[in-house]
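To start, I am sharing the structure in question, which I have written as C-alpha cells.
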Amino acid sequence: MIIVMNRQTQEEKINKVINRLSELELECHISKGKNKIVIGVIGENKRHALEGLEALPYVEQIVPISKPFKLVSREFKEDDTQIAFGGKSSHVVKDSSLSGPVVGGNNFSLMAGPCAIENKENTLEIAQQVKQTGAQFLRGGAFKPRTSPYSFQGLGADGLKIMWEASQKTGLKIITEVMDPRQIELVSDYAHVLQIGARNMQNFELLKEAGNSNHPVLLKRGMSATIEEWLMAAEYILSKGNYKVMLCERGIRTFETATRNTLDLSAVALVKQLSHLPVIVDPSHGTGKWKLVPSMSKAALAAGADGLIIEVHSTPETALSDGSQSLTPANLEKLTNQLTELAPHFDKSFTIGSKTEEHI
Amino acid sequence: MIIVMNRQTQEEKINKVINRLSELELECHISKGKNKIVIGVIGENKRHALEGLEALPYVEQIVPISKPFKLVSREFKEDDTQIAFGGKSSHVVKDSSLSGPVVGGNNFSLMAGPCAIENKENTLEIAQQVKQTGAQFLRGGAFKPRTSPYSFQGLGADGLKIMWEASQKTGLKIITEVMDPRQIELVSDYAHVLQIGARNMQNFELLKEAGNSNHPVLLKRGMSATIEEWLMAAEYILSKGNYKVMLCERGIRTFETATRNTLDLSAVALVKQLSHLPVIVDPSHGTGKWKLVPSMSKAALAAGADGLIIEVHSTPETALSDGSQSLTPANLEKLTNQLTELAPHFDKSFTIGSKTEEHI
Amino acid sequence: MIIVMNRQTQEEKINKVINRLSELELECHISKGKNKIVIGVIGENKRHALEGLEALPYVEQIVPISKPFKLVSREFKEDDTQIAFGGKSSHVVKDSSLSGPVVGGNNFSLMAGPCAIENKENTLEIAQQVKQTGAQFLRGGAFKPRTSPYSFQGLGADGLKIMWEASQKTGLKIITEVMDPRQIELVSDYAHVLQIGARNMQNFELLKEAGNSNHPVLLKRGMSATIEEWLMAAEYILSKGNYKVMLCERGIRTFETATRNTLDLSAVALVKQLSHLPVIVDPSHGTGKWKLVPSMSKAALAAGADGLIIEVHSTPETALSDGSQSLTPANLEKLTNQLTELAPHFDKSFTIGSKTEEHI
Amino acid sequence: MIIVMNRQTQEEKINKVINRLSELELECHISKGKNKIVIGVIGENKRHALEGLEALPYVEQIVPISKPFKLVSREFKEDDTQIAFGGKSSHVVKDSSLSGPVVGGNNFSLMAGPCAIENKENTLEIAQQVKQTGAQFLRGGAFKPRTSPYSFQGLGADGLKIMWEASQKTGLKIITEVMDPRQIELVSDYAHVLQIGARNMQNFELLKEAGNSNHPVLLKRGMSATIEEWLMAAEYILSKGNYKVMLCERGIRTFETATRNTLDLSAVALVKQLSHLPVIVDPSHGTGKWKLVPSMSKAALAAGADGLIIEVHSTPETALSDGSQSLTPANLEKLTNQLTELAPHFDKSFTIGSKTEEHI
C-alpha cells in the first residue's frame, strides 16, 4: 500500500501518519519526490484499517498494491481446479479414477435446460433432449429471481423434485439457483450444484452458508461487479472451506441496449490468468438473444472458458420466462456438433459423454 | 404491449401470434404500415407471458407500453407518503397528532452516524453529537456487507444493543442494515428502520420478509439498478402489505473513478414524479469523498429529496470503515445550519427538532 | 509514478528497469516489501514514456501519482477564473470596470435559447423572451451534430446571421457550436463564445484551433469522458494560449435509460475543487426531460455551478430538434425567479441584469 | 412510430396530435386500451420531426419502430460487402479477378503494426515482421489522438512517408488514422485505408468528408457508442456515396477497470446480422493487455469477425505509446499459425498470402 501526500506537508503531520502505521505494526519507507511524498507500507495487507487515513486533509491518495484475493489466486494454487462428480458426491480432483463428469482442466462442460422448471412432462422432455446433445448437467430454476413480484416465481420444492426425477432418468447432474440461506439444505437434497445468481453475488450471508456447505457452487458475476469483486465473492466461499467453486460470466450491464447485457469475454481470459477456478460462460443471459448464442458459445470456448450454461426450451415462444434467449434442442445439437470439432484446437475435450456414460 | 413484425410476414404466422393472444384472453388491434405490422395488445399486463413470443423468428420486437409498477406509483396514490415515528411505533401518517419525527411530505429528515458501530463509547459520543446538529435518526452498521471476507464484519447483536442504548439516551430513532431474512426479527427488536443495502436490492427473499414485517424499510438503490427495477423492488415490499418504504439514492456505478459512485440526483427528481414514496439521499456513499458531501447534500435538497443519510465519525482517520467519506461533527453542524436556512425555499421544513423533542 | 514488480523478480530484470529510468534521466527509490518490489520514480512526469514498461512480463503495474493536468489546476492558479464580456471583446478579468456580463467567480450566468436556429422570426421571439427572464447569452445551433444524416443539420451560415441579428437587437451574447476547425473563423465573426460539443471533446485538432483562437470556449464534457480526460481536453486549449475556457457538464452515459443522460453534479463539485475554470451545467441534455430541468437547475446551483445553459422554445412540440427537453419561456421565468432568490445563499449573484443593461 | 397517451386524455388533445401528423402528411391508426391510447404512425420515417411531441404534457412516450439506418442494413443489401485492394486502387467487389487482398466475405484479414510510427528503421523492421506472419495491412499512427497535449503527437507527414516506403518494400497496404477533414487529402496520398478513430466516430464533418472520398474507411466504434449510433455514423459515409466502409469494434467503456476497455464481441455477432459491412476487431485497444490479445483474437474469429487489427512492436517496453498492449512479432506469429488452422472452421480463409503475393 502506498500513501501519497503533498510535498509541502508539515513534518508533524507526516509523523501522525507514521505513528498510525506503527500502532498497526506496519513498517514503512518514505520517499520524497519533487511534488509528492510517497510512503510505502510494508507488511500484512491491512488495507481496510488504513483507508480511513484518506480522511486526513493532507493525505491525497491511498493506492493498494497487492491483490486482495488469496485462496482463489493462481499464486496460491498454480494448477487448474477440477471438480469431479462421481456418483452422488463431488470432490476436488486429486486422481483420475472417476466415472462422472469433471469440470475444469481440459474438460469443456455443457449445462443446459429451461430457464424455469414449468412442469414435469416438459422438463423430462427437455432433459432427454439436452442429454442427447451432450449436456452433462441439467439447468433449471425452481426458485426464480424475478424483477416483478407479479411474475411467475418458480415452482419451489416441487420444481426441485421434478429436476431430481429428470436426473434419475437421464444421469444428468442438476444445477439450480439458491436465493436464500434457508433454502440451501433443501436444494442440496435435490441438486448437485448450487447456483448463486448475479443479483446475489454480494449476498454475503448466502456466500458464507454456501462456504459451509459441501456442495459445488456456481457463482455468477454480478451485473456491475468488477473482476476483483467477483473473485472476492468467491474468496468468501473458499475462506469457509468449500473449494468447489465455478465462476460464471453472464454479461455485465453497460449503456448498450441492443443486447440484454454485454458478455465480457475478456474477463474470462483474464480470470483464467488470475485464478485457478473453472469459468463457465452463460451466453443466454449474456446476450438475451438466441440468435447470438451459437457465435458467443464458440467465442467463449476460444476465450478460454471451461464450459457453457445455455437455456434450452422445446417451444421457446410459450416459455414462462426468457423464451427470447432460449435455443431449441435442434439448434443446440447443431452447436454441440461444432463445439466437439473445435474443442481440441483449444486443448479442451468436449465429449458427448452422456451417450456412453451409464446412468446412476 | 406492442408486437412488431415485418410487413412480409405470411398470414398464417400472424395468425399464430393472434391465437396465442386469444389463449391468454387478450384482445388486439392490428395495424399494417409500409414496412412493419404492429399488433397492439389490450387488456391486463401479461408482459412476462408474452415475452417468449420474441423467440419466434418473425417477431422483431416486443415493446412494453404500461409501467410495470402499481402500488408505488403516483397513479395509485397521489399524495406523498409520510411515515410517522411516534413513541416506539411507526405508521403511515393519516392525522397529524404525532410527537416523533415524520419522514416525507414537507419534512426534511436527517439520518447520521458512523458507517460501522465500533464500540459503545464512540457510538454514544457520535450519537450525542449528531443529535445536537439536528439528526432525528442514528445510522450505523451492526451487520456490515464487506467486499472482503477478511475485513471487519461488524459487531452483530452487540452492535445492535449499543445502538439501542444510544437511542435510549438521545431519543434518536435507529436505522441499521439487515442482510439476511433470518436477521429481521433480531434487528426489529433494536431498530426503528430496517435498511436494505444496495447489494441486496434484488435479494427478493429479503424483500418479501421485509414486506411481511411491520417495520419501516429504507431501500437503497442497487449499484446498477435502473429506476424501474428500484421501484419494482419497492413494489415487492408493498405487495406484501408493508407500505412504510423510503427509497434511498446512494450513487450508481459508472465509468467514472474520480468519485466512488455517481450520485444520480436526476433519479431523485424523476422518482418524486413517478412515486409517492419518500426519497432519501446518501451523499457519503454517493461520492466517497467527505469534501463533496456538503455540496451534494444541498443539491439533494434542491433536487427534491426528503432527507439525507450521512456518515459521521468523530475521528474519521481511525474509522474501521469508510473514514474517507465521513464528516466530522463540526462539519455536519456547519451543513445543518445551511440546510435549515435553505429548506423553506424548497417547501421543506428542516427542524432541528431533536433539541426540543422529549426523550422517550 | 510507482512501478510494481513481484518480490521474486531477478536482480538483472530489476536493473533493466532502473537502466531505462536512467536513460530517461529519472531518479528512483526502491522499496522491497514482503510480496512486492516497489520502485518510486522521482522527477518530471514522463508517464507516457514509461507506460511501455508494463509490456515487460515481470512488471505488474504502473501507478501514476501526480495529476496530469497543469494549467487548468487550482495548484497552478488559485483564484477562480472570470471571463468578462465587455462590448464586443472578452478577456480574463483583472479589474472590475466592466460593463458586460462576467462568467465565473461570484456570478451565476444564464445561457438560454433554442436547440437549433430554425428561422429568423422564431429566433428573435425566443431571444426577447429569454432576455426578459434574465439570460445574458443566447444559445442556439447553426451547425448541428445529428446522429442521423437524414435529420435536420442546421442552417449553417444563415443561422449565424440570424443569431447575430438577435444579439444586435437584445444585447445578448451569442454562444453556438463549432464542429470543424474550418468553421472557427466564420463562427467567430458572429458568436461571442465557441461551443465544443460532447461528441467533439476529444477532437484534438478542433481543440488546438480553439486554443489558437482569441474567443472564449465552452467545452462540454464527453458522454463517457472521465473528469481527468475532460480537464486534459481543456488543457489542450490553455496550452495553446487561450485561457478563456468554461467547462460544461451535460450528463454522462450510463446504463439508466429513464433519463437521456445521467447529470453528474458531483463532477461539478469536484471540478470546482480541482480547477479554477468556471463550470456551466446543461440540465436540458443532462436529463432529456423538461419536467426535470427546474429541479436540476437549482441542484446545479447548490452543487457549485457558475451558470446554466438551458434549451428554451416557444412551442416545444413543433421544435425541429430536442423539443422534449425544452422549457417554455413561462417555465423559464418561473425558474429564474427562484434562482434569483436562491443564489445569494450560495454566494452567487444572479442579476436579471439584462433588464437594466444598455444594449450595445 | 408509436405515440402513447394516457386513456384519460381529452378528445381535443388527441386531435391536436392527429392534426400535427396530418400536417406532416402522415397517416395514423388509433387504438384505445384499458389504460393507454396508442397512436400508430404510418408512412415515411419522420422520427425527428415528431420527437418534439414528447414536450406535450399529455404525451407519455414516443416509441420508434423502424430502424433508422438504411444503406448499411442487410435489408438494403443482403450479401456481404467485400472490399478489394488490387494494385493501388480499391473497389467494392463485383467479380473475383483480383490480385490484392480482399476484406469481407469469406476472407479473414490481418492488419498489424506499431501504435505510432516512431522512426523509419523501426517501422521497416516491424513491417517485414508482420508481413512474414501473414498481415496484409500495415497499421500505424502518423497523426495520434493523445489524451494529453504533452504526449508524443505523432510524426505527421513524415510518418506517412515512412509508411509509404514500408508499403513499397513489402507490398503491405497502409491503414492510418485521419483526425481532421483537412488531413484527408494528404493521408489519401500515402494510405490505402483511412482510419476514423473512436474519439471521432461522431465527428460528423469528418464522416462527411470521408464519404466524399474514394478511399476505403475503417470506422472505429466510439467508446460509449451504441450499436445503432455506430451504424448511423457509417450511414453518414455511405449516404455521401462511399460504400467502402469497414466497421471496427475496439472495446467500449464500462465500469470495469481491470481491462482498458470491455471488448464487445456480441456486438460483432449482432452487427453481422444487421449489416452487410465487414467488421474488424481490435483486441489491443479492446483489452489494453497484450497477454489477452491471443485469446480475444481467436474469440473474435469465432464471434464472426472479418479480421483483426493488432498492435505489434519489436520492443514494446520502449514504445512511445501503448507498449503494454503490443504483441512481439514472435507472439504474433504463434497467433497467426493458430488462426490459419482455425479459420476454415468458421468458413473463413486466412491465407498467409503475403508470402506468395507479388509486390506492387
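Order as written gives the chain letters A, B, C and D; numbering starts at 1 within each chain.
Rule of thumb we're sticking to: a contact is a pair of C-beta atoms (placed from the backbone, for glycine too) under 8 Å apart; a residue touches a chain by one contact, two chains touch by 3 or more.
Values in this document were obtained by computation on a predicted structure and should not be read as measured data.
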{"item": "Centroid comparison with subunit C (C-alpha atoms), farthest chain", "value": "A"}
{"item": "Pair exhibiting more inter-chain C-beta contacts, A-C or B-C", "value": "B-C"}
{"item": "Distance from subunit B to subunit A - Cα centre to Cα centre, in angstrom", "value": "28"}
{"item": "Centroid distance [mean C-alpha coordinates] between subunit C and subunit A, Å", "value": "41"}
{"item": "Gap in Å, rounded to a whole number, between the CA centres of subunit C and subunit B", "value": "32"}
{"item": "Two or more partner chains touched - positions in subunit A", "value": "224, 253-255, 257"}
{"item": "Pairwise touch network: line, ring, star, complete, or other", "value": "complete"}
{"item": "Interfacial residue positions of subunit B with respect to subunit A in the complex", "value": "20, 48-49, 51-56, 68, 145-152, 179-183, 199-200, 202-206, 223-224, 229, 232, 235-236, 239, 253, 290, 313, 316-326"}
{"item": "Subunit B - residues contacting subunit C, complex", "value": "224, 226-228, 252, 254-259, 262-267, 269-270, 273, 286-287, 289, 291-292, 295-296, 298-304, 338, 341-342, 345-346"}
{"item": "For the subunit D and subunit B complex, residues of the former touching the latter", "value": "2, 4, 29, 31, 33-36, 38, 40, 42-44, 61, 63, 65-66, 224, 253-255, 257"}
